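A short write-up of the structure that comes next.
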């Protein structure tokens, strides 16, 4: 009769294969070159990290009313402390900043409601996209319900930066979708108009567009007709990002199999019906990570409004650097700005990666 | 037999698919033309009302302002046209150098992030994630204002051999050719011819005998060696104008101004981080099976990389790399913020301000960036086509 | 045999032509895909189209609901001529259901939503009614219990059955099938063919591109053989299989039946 | 039968061991993939390795040219021990050709360049000579006329034959095959097996992971059956197939032969 | 015209600098002060009787003309030098001069430089898009000296660059030097060299082609100078209006006649200007004078009958 087969038991690997020693050997000291690289890296870390910790934490001064009080030899975070409100809200009157906070809390709550199953997603999206902006606008600008009017020229700081980024990306979305459809259309005029627009915008630097928006637009309008500078800059930013958005969305459209278009056609749906009901919902889902990435670049690019004289987050910090009480705090200012931007951008890019993974698995088995 | 129903009467003009798209396009075109015309006519009226002069004749007038960095001769009495040229060259130079440096940084960091050495990979990750997630303008300000403030004044320059580093820039000796330098040039040309000869010979020899000759290294040696021989023979006909600390500044020598260095460093480290990710993705995209196949053929790892992995990774790398190059060229315009006299600073800044001709100057700038973008992408498309795989 | 007889009977009772190709020609660029197609299909007839790859089968049936445009000749569907007139195209597409090789279900919609999309938006049916109808057809293809799942959660055979139900939901007078089983695993092919046979028995006009010769023998009224853009031979199944007229047909059949 | 006899004869004439596994153990992290492998292969022997998926077949043969590192025990190839010594690894890889399941041809090089790459760079052969040799092997696998095409332009079966020719171009003393036919269509499998059988007849040492039992019966000197990282049974083909010793082997064979 | 637009929208849009103490500077609450700011406030007072009906647009030197040309702002009051080219070919009109200035140099004391003639080889920081850039070039050329120009986009950054040691010299109008010196880390360590290398008449600018608006801005300025000359100030203007007998003064303050009509203003426009903003002397002292950090002497900016050159045509 046949011999019965019993697999021999698995043994734990030898210490040369696992465990901290093996790990060190494999990852840091596997060859002479690696030994050298490891030592070199340690040296670089030694050069960079301790001085930063010493400067930024150990010897730092956290409280104080002027640079003169920062005597510990390290960073003068007191500067950030004193100016914190301005960095966040610009020159927005401090007794009114609750309005900004309220708007932020509102949007967080609204977005959080997506997690609740019982709520109609479409209705919620429409609220966020159509009603919320109006509410937020009146909260920010005032002039209704006895809210004090706050000029847009007083809007600034991180508030302005986030506003520019968010409005830019949201507003560029419909325009980008139209341009993307236009570029893929087989109507020569629609196609070439979209193409020329997209490629022109993508060829020029954002500053030229901002410059046009901030000082030149009135030249193109009838005399006397003019509108708010913030609005013009927003339009500039929106046009700019819509060209990039169009390319992102086009990528999504291209990824939709031809069969989907054909199935929609065969069912007798019209062009717009098939776009809105069938193609766009699928394409947009595909491009969400791309959109988040565009948002990250736009968020960084909004710093350029500083060049056209708006005091966004970076602009506020630069301005504060010139305060006679705080001269010589340039590095602290930049470090703080870098830290904040980094948190935002890094967070969003991680989010976009997670999203990519999640959407990826959602599309399997088809 | 076949009972054709009456064709329905709703065959109206508007229901025809062809007509519909035609009408839509006509309307679209009309809107575009109308908006264009509206803006243009407003512009004309405004220019006229306000007595703003138009046209490009200002390009022939003397500019009157100085420019810090100019690679072609330029004085205050040169024309605006010349100033434009200077700015154009400055933009080109910073873009080109930026592209080269960013590529080097990107490749090194991309490879480092893939390194088997855990620490090296981690460091590269930290570098990439830091650079990518901080706005470029902020980085430029940092390199210019924060680093500048930390450097010594000229009197206390850091010195390395005949090089000086201080708030005014990086100074190096300036070579000045003396009599007999022509001989050195001849020697140089000769050595190149020789080197090419060696490379051709090495190739032939390989085909004949199969033996490899380190042709590239030796031709480098030949070029250096032969040139040096001629140099010595001519009696070292080169003098160096050394930088000297003087009352205010350093005199003599060659200088890289801080504006230039800051823009270059910011552009290349920032873009380098993006390129690093592209390189990494490109290399990862090459199937591991390719490496295994190469190894099982007995190829050393360095050869595997050079002959198998890199050529394939390049195909994936090129298209996104193109857009990074484009971004870098466009981002060079941020140099305006820290006194680097590139196009936006000189044309949209000073020239516009002196002449008041906004439309013309903006137009010039857009034209330059447009053609810069176009030429980079044309080149890259061509290269991409050349590299693309032949499929069934 | 019984089947064919039944078909005959039906044909005699409703002798009217529902699809008519008159001298249809079509080119892709320079490439002549359809050459002088003359062919007509009667109401309730079941046609199977076969032929080697690239012979123009798909192209031909896609002309019926104008997923492709022909350039010469005329196609009449239900008496309406196929041309650029959008109203005509819409009208015909309402009357013609189509099932694709790769199902082409909409992955972002549930099965139920896939089925009700066209009734609601094209036929302007109330949502409630549309859903009731959809459930009815889902039962008919035996997957009513999957109505709230997404296409990605079903097997290929199930997806194809949903696609058939989706086609039926338009309550079309004609159903077109373009190799509906060729992307499926052998076990799933049977599921789908069974569904189609059931449909055929209910007297729906069907045009089906397939190489399932068993199916052709069971349900087809006529088998059409195409090659190089032409209809080489069209005949009743027993004639077609047992006594093919053209040597091209013979060759094709020998290949396909030996496989 | 004749075949096995021939193999016997050869073995007797060259009795020397060319590959030797001594107590080889390997872990992936904590996972014990190879357990106490003791096994030796003689010059000219043809070994077929089979076993369920995940049993460690690929891992074992990839240890032979050190695409994988083992952690315990020793592997001797042609008398050279496998360790971290780069010179040893290089020397052995020159002597061992390998053919992968997915061919792994270099898509950016022509067929000819794929074949001459290693001879030129590793064996330092003159280009001319390398090309002549390459053409020779291409003729042997019957695709000399494709020499200037790119891999992407060939069918799977052709690609796999190129991969075999590429392995042979190193004029190795041992050829390793890791499921060389399992990514191919049935018709192409035959092309490739024919080529391998031809090779086997020329007396090359071969280690082949495959489930093509026909091939095993025709050419193998020994069949090795692995499960759970162990060699369960190794025997001459007729013994192995007709009279398997272990119940595990029997079970496996019953599955694979019924398939 | 511009006046109608301004009346319609209810405020004056005024382009100012991004921060020159004494001229136009915003505190950290965003309140603007300075002599250039006052020029705009005076215009607002004349039109609306309310000096607060102004909005300020901070502009860098290089943006300012485009902003004015395009209609982005109604008045440019940003220490802008009146020059031939600017007046003639930029589509701009200069109104009146509210500050006579001249370009100078600031250096660090420890350099030991005493005269601008010692600056051969120096590195010079300045702001982009100003006459300064051109004057500096002319000056060094004229005296055959070499220099390294570092032309920075914004004044504040030019000063930062100077302060961080990028340059030996910072050059701009002397008033600006005084203003910017207050922003240095160590103001006392820097000196302003005695030479004045140019004439810099600074004043508000309007768009070319709108004479009514130009007249308005010009005369708002002249009224302030005349008021100082007549001894009318914001403190006594109400009293004078009520009590004055002099028909000239009564007309000026709108107590009789309707002098504002031709400008499109109310009769009491001048009264409002003086009441809300004050006369020129008050403006000067408030923003630049002895009690400010700038501590500038009146010097040539004194009235003509006081040894200066401030001379306004009579209001008749």
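Note that the chains take the letters A, B, C, D and E in the order they are written out, and that residue 1 is the start of every chain.
Please note the rule applied: contacts are C-beta pairs under 8 Å (C-beta built on N, C-alpha and C of every residue); 3 or more make two chains touch, one makes a residue touch a chain.
The chain list, named the UniProt way, goes like this: A = Amino acid ABC transporter membrane protein 2 (PAAT family); B = Amino acid ABC transporter membrane protein 1 (PAAT family); C, D = Amino acid ABC transporter ATP-binding protein (PAAT family).
Predicted model, so just to flag it, every value in this text is computed and none were measured.
The chain occupying the central position, as judged from C-alpha centroids, is A.
Compared on C-beta pairs in contact, A-E and A-D come out with A-E as the pair having more.
The greatest centre-to-centre gap from subunit D, using C-alpha centroids, is found for E. The most distant chain from subunit B, with centres taken as the mean of CA atoms, is C. Mean C-alpha position of subunit B lies 50 Å from that of subunit D.
One inter-chain figure worth recording: subunit B and subunit C are separated by 58 Å, centre to centre, where each centre is the mean of the chain's CA atoms.
The distance from the centre of subunit C to the centre of subunit E, each centre being the mean of the chain's C-alpha atoms, comes to 84 Å. In subunit B, the residues that touch at least two other chains are 46-47, 49, 145, 149, 336-337, 348, 358. Taken residue by residue, subunit A touches two or more other chains at 211, 215-216, 218-219, 221, 223, 307, 318, 328, 330, whereas all remaining positions touch fewer. In subunit D, no residue touches two or more other chains. Interface of subunit B with subunit D (complex): residues 206-212, 287, 289-290, 292-300, 303, 307-308, 311-312, 315, 389-392. Residues of subunit A touching subunit C in their complex: 257, 259-260, 262-270, 273, 277-278, 281-282, 285, 362-366. Residue ranges of subunit E in contact with subunit B, taken from their complex: 61-62, 64-66, 69-71, 85-86, 89-92, 111, 121-123, 128-130, 133-134, 136-138, 141, 147-153, 157, 160-161, 164-166, 168, 207-209. The touching residues of subunit B, when paired with subunit A in their complex, are 21, 24-26, 28-29, 32, 39, 42-43, 45-47, 49, 115-120, 123, 129-130, 132-138, 141-142, 145-146, 149, 326, 330-331, 333-334, 336-337, 344, 348, 358-359, 362, 365-366, 369-370, 373-374.
On subunit D, the positions that touch subunit A within their shared complex are 25, 27, 29-32, 35-36, 71-72, 227-230, 232, 244-250.
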